[in-house]
Structure formats: structure tokens, C-alpha cells
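Think of it as A, B, C and D in the order they're written, each chain with its own count starting at 1.
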Amino acid sequence: MNKITILIHCKDQRNIIASITNFISEKEGNIVYIDQHVDREQNIFFMRLESEFETDNFSTEAFKESFKTHLAAKFNMKWRIYSDIKPKMALFVSKYDHCLYDLLGRYNSGELFLEIPFIISNHKDLKSIADSFNIPFYHIPVTKENKTEAENKQLELLENHNIDFIVLARYMQIVSGKLIAKYPNKIINIHHSFLPAFVGAKPYHSAYKRGVKIIGATSHYVTEELDAGPIIDQGVTRVSHTHSIEDLIAKGRDLEKIVLANAVKLHTNRKVMVYNNKTVIFS
Amino acid sequence: MNKITILIHCKDQRNIIASITNFISEKEGNIVYIDQHVDREQNIFFMRLESEFETDNFSTEAFKESFKTHLAAKFNMKWRIYSDIKPKMALFVSKYDHCLYDLLGRYNSGELFLEIPFIISNHKDLKSIADSFNIPFYHIPVTKENKTEAENKQLELLENHNIDFIVLARYMQIVSGKLIAKYPNKIINIHHSFLPAFVGAKPYHSAYKRGVKIIGATSHYVTEELDAGPIIDQGVTRVSHTHSIEDLIAKGRDLEKIVLANAVKLHTNRKVMVYNNKTVIFS
Amino acid sequence: MNKITILIHCKDQRNIIASITNFISEKEGNIVYIDQHVDREQNIFFMRLESEFETDNFSTEAFKESFKTHLAAKFNMKWRIYSDIKPKMALFVSKYDHCLYDLLGRYNSGELFLEIPFIISNHKDLKSIADSFNIPFYHIPVTKENKTEAENKQLELLENHNIDFIVLARYMQIVSGKLIAKYPNKIINIHHSFLPAFVGAKPYHSAYKRGVKIIGATSHYVTEELDAGPIIDQGVTRVSHTHSIEDLIAKGRDLEKIVLANAVKLHTNRKVMVYNNKTVIFS
Amino acid sequence: MNKITILIHCKDQRNIIASITNFISEKEGNIVYIDQHVDREQNIFFMRLESEFETDNFSTEAFKESFKTHLAAKFNMKWRIYSDIKPKMALFVSKYDHCLYDLLGRYNSGELFLEIPFIISNHKDLKSIADSFNIPFYHIPVTKENKTEAENKQLELLENHNIDFIVLARYMQIVSGKLIAKYPNKIINIHHSFLPAFVGAKPYHSAYKRGVKIIGATSHYVTEELDAGPIIDQGVTRVSHTHSIEDLIAKGRDLEKIVLANAVKLHTNRKVMVYNNKTVIFS
């Protein structure tokens, strides 16, 4: 049994849905999931579709070629088609261990549909955690002086392992435009505030100073503009005057873990589409 | 422009989606919304679809007839097809005014897609509110002795006004099996607890006694078994030992208002399907 | 039985709590509530205390005088002492009715410990609602030209009725520094966003554009700097790409009602203290 | 510097607060935290107080003796006094690893004020996790036949290590009345539902079947009656018809981790008092 997932967006037009479902039907596919969204402000049509093909000689590549020629061209679609294989995720970390523990715990228990070929860090602190989960750990220090060189090492590792997407699990370095350009909407960051409130560094300190009654965390794709990329998921929790900055940080860690894990799951299940710096998240 | 909404459920089978979208296409309809769900435990397929027809001579009745013959019969579907007209809601109340104020405020501001031909109450207390919103108010007292008679009066009003669905906005009488049978999955109740916790009367007192840290409210369709019908929406809020029973009741009122209004909106937008005492809620 | 509520803040020092409880004890008072908070960043002590006095000749004024001389002076306290009478609230509204309906509904049902001598509006639209609740409604239009004159009319009404605090229930004018100076930390506003995200006008439009997954509302005291006063309460709710701006506005209305009502209750129950633009909220 | 925490409950009476604060003052203590609660239904007074003593010859034991004689006797108080030392926690686990990983991760990062002398399990599965955190792991299988013997082994370990409290981190055995009697309100369990909904085994399956829109988790002290002990904390999260039972279980794991960790923190910070099967949770 072959299963593929199709993501499409294009200008909203008549008969798109019928055309797509007919196309699948002609290829003897059975649609097992279909969902669509129309952004009425911008007149953009989005669709997510899963289809199964029982035919022995089904080829995802041939399907893609036919889809491109007969359907995508006609409606001027942007599209992606995925077969049912686990994406490869590279983990970037620094010194904070809570998101790392959380993701590896979920990975170990089989909760995540992905592979983790390696972990990259600019510090050595978390190597023992990587070791206890038997995942290769590459220590690539980053300084002002060696920035380009460090990045090239990262890129080499990413390419050699055919990495599909990157997760910055509280990685405390700003990634370069070059890396972002190579992995557009494929680098997931966790920001420790309810964006767009408190962009930049030390958001819990800022939240404390402002006296907010709720704090949050935001997972988003990394774009050139800092903390301004498309939001994938957000979570919040109540705080009060009784909480110190340390309390906010501790409560925040719980949010960060869950919000980042949600983003990873949505991404690997191909549920996220991006358009005009916003996400469409299919259920 | 004619717009219809189609709700379908049937045994999951191959090619359902393609068959339906083809059928719409042949009728020169343009699908503007499609969403589906498969309950894998029970192997049931659910679909919600909105379609627009520009043809001058489109008739919803003719479409229904054709749908029934050519499509529904083939897949053994349960189906409903709605044209784009406001459903008629009857409001049943007793003495509590918060849900009544809330629904009428929303109605007045144009937030709700429905008409309210009248309000029925077993008490006179809320008549002045109905008056201030210019909605007819029928006082039908209910006692042990007059129960059948009172119910017949209710049924007469409901039928004379072609009521589509009933909302029990803290109506403090148990509705009869006869009424339920006439309006299956068309009577919406708000229960002041997080069902299935604290079924029956005085749930806030029970919650207080049990020392729970969160209280809730539940909107559901009324079925013969008390407080056990299909859940449409639920809401919760935190409480603590500092809250008295009166505090829980006050906090609960806010939940009840929002959870009931959500249920009314979901119902009138034809987003709810019921199967095996559970709801499928389309987005 | 006489009951008073005492709010204190001062530099944190040894023996404050014992000194205060002794003082009350000497006056033959019985402490029925005591809570305190120390802001360790700024070394400030906050306390809220309720005490009952059974003596026939108890005088709040005499108690205040003695408290000031013997206790407040010694510890250099900022303090307020309230006897158990309902504060007078002035309601300022414009065209949106949801917060008005909500507050008046709560007022009518006895949920709020306050009096509402009148409602002021710069538009006539909501007069009929005020009428249906039998509350005087003053229409004071505000234009660029008559701004000072309009404000003087407002101030005259506020003073003539001995108003204790003001609630801006979606009042669409910026109040002047003069009014703010007369009612410091006594003007409560509801901002329709999760501050400090989306300050200024049209926050739901901004939230929609940014693609956030959660929207919020914030009640705060009004200060000279727009949308930057001490936060009293905040609430949030989830949204998704399926929600239009109108949906966000509708969902936001529910948040605004609850968050504003919470702030009013906290204020009238003397549970809020302000220091350095932040609130301490006692339970 | 000596710091103690005092927890008291007794019948509500006049002058309790002044008597306690005076007593501390006479002992030259400085009160750094005081909070109280009166249960008006049952007329019970609760207090939590932290005090610091600078005197060189301060002895917690002597203070306790004096407190007992001069204060507790007079007001017929139930009381506990703690000095500032880390309580010892025994972890009981079975096969699920998520709560174990979570607690040990927090423990490692210094977030928890406690010591973990050992982990007990009725299965060997999680030994490697205990090893990677360098915590002794005792495998004590439990069968119908060896139940008493197994329990005696557990009790011996608990006593030899002076264990203060026990955490059942998804321990899949029912603990005996003997153990409960030795550790009253000192055994914390995490139940994977929003109690009192779905008591007993397989709550996620029950929640799925009932079609609830929100699932929860509950941490509570273990009492003889199953799943009916005093609730310490509860958490909830939204679910929909799109979630399978496996999805509910996965979402539930995140709740369980946070709700159990919260309970452990509240317990070790001596913020929890129990009366009549309900908790008072100080802030």
C-alpha cells in the first residue's frame, strides 16, 4: 500500500476541489483525508489531502510528474507531495536541557514520526544527555571570529545526512541568512514569550517588569527578521505577583517543552502550510 | 447565487469523496468548503460540504431528490441538506437570567445566524427582559398535575412557529420523552458542570464538596438519559479553596454563557453531526 | 459590627506584621483576613488585612487617625483604610454594547458590590440599554473643539456624585491627563488585546495579520502613557487560521466582558495594590 | 539564620492571628510570610507562616515544645513545624517513563527542593533511566502471591532511608492500607483524568467513548478509597473528534507530567494542608 500526502496552495478558483479529486480517482487512488481552507482576505486556496494507492506499480515520482503537468500547471499551484517516510530532524542546542530531554523522551517512546541523525551544540554541556540516548553529538563552538567556518561545518553535516528540517531547542545563537535560505520554513524555533510581546532576549525579565498576568511561549519558523517568522503554535499559563523571575522561567520551561513538541509534530505530519508569513494548520 | 450545506455520514467506503465532488461538479456547483472525518473505531465516514450554484433554475428540492437517488442510495448515506436560511430557535427559561441576557445581547448585535420567534418560561420572572428585547414571552407554568397539558401548549407553539431547534437556557424542568422524540439532537441544554463529573442537580455544591481545582460547563443535546446526551462544547475555569459555593456559581455563570453560545453557533452553522451519542464538530 | 479593610505598602522591615496585628489587637479588633507579599526585587512589603470591631463606639475616622500617628509614621507606610460601604462607579461607554450589557446584568443580579449613579457616553446609541436598567444616561459628545468643555462636564458629574472610580467599558476616547490625575489608579480600562502585544487601535486586525494562535484581553488602570498602565487581569482564548477578523472580534468580546468584570470585582473588593506600575492582587 | 515554616488549623476563634504573631515576636522571630484561610462552611481556621530567627541558640525542637505548650494547647490546634531541610522522596514507577523522565529532569536542573534516595518499581523496564541519573533502583515485583512480602520490602526501604513522602509516578499497583496509614497525606498519585470524572482504570478510553471535548489529569493524596483522595492540582487540555484514543493518551502524558510536578512542588514547599478530604493550597 502506497500512501502520499499532498499540500497545495494557489489563487482560489472554481472547480479546484473537483479537479483534484477527479485526478486522484483517475489514478485509482482512494482519498482518506481531505481538508481545505480559503483565505478570503487574500483569495488563496489551501488544501491538504491524503490518498492511498493499491496498485503494484505505483510510483510517487511518476505521480508527481503527472500531477505537475496535468493539474499544477493548469491552476498555477504551489505544491508538495510527500510519501510516507520519516523526515530527518537535526537538533541544535546550547546549555538548556529541558527541551532536549523532552524531545528525546518523546522520540524514545515512539511519539514522534521522525529520525534524529545527530545533535549539534555550540557548548559541550549536554553531550552526556545525547550519549544516554545514543545520538551522535557534534560540538561546534561559535564565536565572532569563526562564525562562517562553524556554519560551514553545520551545513556539511546537514547535507551529508540529508536533513529535512532543523529544530532549535533553545539554541542560543542567531542562525545566518545562508542557513535560513537553505531551509526555508524548515527551521523551527521556540521563543520563550507570547510573540509578538517581548521579542528579543530575556523575555521573562521583560514580562516580570511589565507585570503581566499570563506568560507564553511561541514556536515559529525562523526567517531573516528576528522572532517574526510564521507562528506554528502558542501556549500560555497564568502567573501572579507572587512569582519571581525564576518562577516565571520555571513555568516557562513547561510551556516551551509542550509548544515546541507540538510544532515538531505538526511539521512532521505535514499539517503546516505557510503563506505571507502566516501558517495554515490542518487538523 | 444559491448556497447549500451538505452533511453526510455512512460506512467508510472507497471513492466516496470523489463520487460526491463529481456529483456536485456535474450539477455545475462550486465547492467552497469541504471537510471530512473518519471514525476508525467504528469505520464511519463523515463529511461537511458547502457548494454554490449560479444557475438560474437551481432548486434545492430538485437537488435533494437527485442526491438521494443517485448518491445517497448508492453509499447508504444518512444526509441532510440545508439552504442558506436562518433557523428558528425557541428559548426555554426559568428564573436565571444570565444565559438569557447573553443570548439576546448576541442576537441583537447580529452575532447569531437565527431567529427567535418566542421565549417560553415556567415562571414570570424574566418577562421584562423578553419585553425589553421585543420578543414574545409565553408563561407556561409546569406542575406535577398539568405536565401533559403544559407540554401540549409548548408543542403547539413550537409547531405553529415552525421551530427548528430549542435552547434550554437554564430551564429548570426535565423535558419529556415526547418533546425529545420530536426534536432529536435539536434540543440544546447547558449543564453547569464538566460532564460526566457531577451529573444531576446542584453540581457546584458537589464540586465544592469534592474540592476540585477546576470547574466546568457543558452544552449538549438532550436525550432521554439525563445529562448523558452528545456533548457539543465544554469550558473550564480554575478555582481554589478561597472560593465559596457562591463564588463557584458566579464563575460558573460566565462559563455557562460562553459554552451555551458556542453550542448555538455551532448548531446554527450546521457544524455538528451526531453519531453513537458523540458529536463530530467541523471547523 | 464594624468591618474595615486595610491596605499597606512600605519598605520591608522587621516586625511589621507583629506590629500591625498588635495594634489591631489593642483596639480590640479581630483579624478575619490577612495576606502579605514581599517584592524581593524592590524590597517592598505589601499587606491586606480585614478586621472586625464589636465595640459600640468604634469610629473608622478615629481608627485612621490613630493608625496614622502610631503605626504608619513609624514604618513610613503608604496606606488606605476602607469601611464596608459600596463604592460608586461611573460607567463610560461609546457604541459597543457587550461590556455594558454584561456589567449591568451582573449589577442587576447582585453580583457586584458597587453602585452605578450614572453612565456617560459620547454617543446616544446605548441610551435605551441604560433606560431599560433605570440608570441615568448623560450624552456628552466629544469633538476636537469641545474637548475641554466636555471634560469639565464629566468632572462635574463625577464630583457631584462622589464617584469613587471610573470604568471605561469600550469608551472610544482617550481620557485626559487631568482626569487621570484626579482618579489615579481609579480608572479601569479594557484593552482588546493581550498587552503588551498589539497596543493602540485595531488590535484584532493586527493579531489577524500577525497570525497569532491565541488572542487576549487586558484590564488595566489608565495612566498617561497609552495602554501601558498597571495590568489588573488578562484572559486569552485560542484562535486558528479558520477565523476571520470578524470571528476574532466576536471571540474577543467574550474575553473583554469577563476580564473587565474581574477587574471591577477585584477593585471594589479592595484586592488590588499598585506599585511601580505593577499590581499586587490579593486572593 | 534559622528559618521555619508553620502550618496550623483549628476551630476559628478570636485573636488567633494576633496570638501567633505575638508568640513569634516574643521569640525574636521575624515573620517573612503569613497567609490564612477560613473555611466558613466548617468554621475552620488555616494558617501558613514562615519566620526567621537570627539568635545563635535557636533550636527548632525547643521552639516546637514551647509552641505546643503555650499556643497549640490554648487554641486546640493541629500543627506542623518544618525547618528548612530538603524532604526525602521515594519514587514508585512501573513501565511508563514520561513522569519519571520529567521529574528526574527537573530534579537534575535544581528545580525541585527534595532528595530522591531511590526508585522502586514492580518492573525492570525503567532501570536504565534510573541508572543514567545515578539513582538507586530497586526492582520489587508484585504478584497476588507475594503482595505482603513485597510491601514489607518497600516499607523497609522507606524506613531505612527516612523517606518523608512517596510519589506514584504512574505506578500501576494499588497501594495497601498499611502503607497509606504509615504515610497519611504523604503519598501523591497522578490520575490520568479530570477527577471525579472517569475514576478507575482506562480513563482515556472512557473519555473517548463519552465524547468529551476536554481531558484532564489530577494529582491527589492517596486514601483508602480509590481515586477519591484530596485533590492537589488539576490540569486540562482541549480535544476533538479528530483525536484517537492514542492521541488522547499522548496529550494526557503532557498533562500528567505538569500536574504531578506541580503537586510535588506544592508538597515540598509545605504549601498544602488537608482537612475533610479537601486541600488548602497556599500561594
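Methods note: contacts are C-beta pairs under 8 Å (C-beta built on N, C-alpha and C of every residue); 3 or more make two chains touch, one makes a residue touch a chain.
Keep in mind it's a predicted model, so treat the numbers as computed, not measured.
Between C-D and A-D, more C-beta contact pairs join the chains of C-D. Annotation: the chain A:chain B pair of sequence copies touches via predominantly the same residues, more than half of the used numbers being shared. In terms of their C-alpha centroids, the spacing between chain B and chain D amounts to 42 Å. The distance from the centre of chain A to the centre of chain D, each centre being the mean of the chain's C-alpha atoms, comes to 37 Å. Among all residues of chain B, those that touch two or more other chains are 240, 242, 283. Note for the complex: chain D touches chain A at residues 97-98, 101-102, 105, 108-109, 111, 132, 240, 242, 250, 253-254, 258, 261, 283. Across the interface of their complex, chain C is touched by residues 37, 39-41, 194-198, 210-214, 216, 230-236, 240-242, 244-245, 277-281 of chain A. Across the complex, chain A is touched by residues 14-15, 17-18, 21-22, 24-25, 30-36, 38, 238, 283 of chain B.
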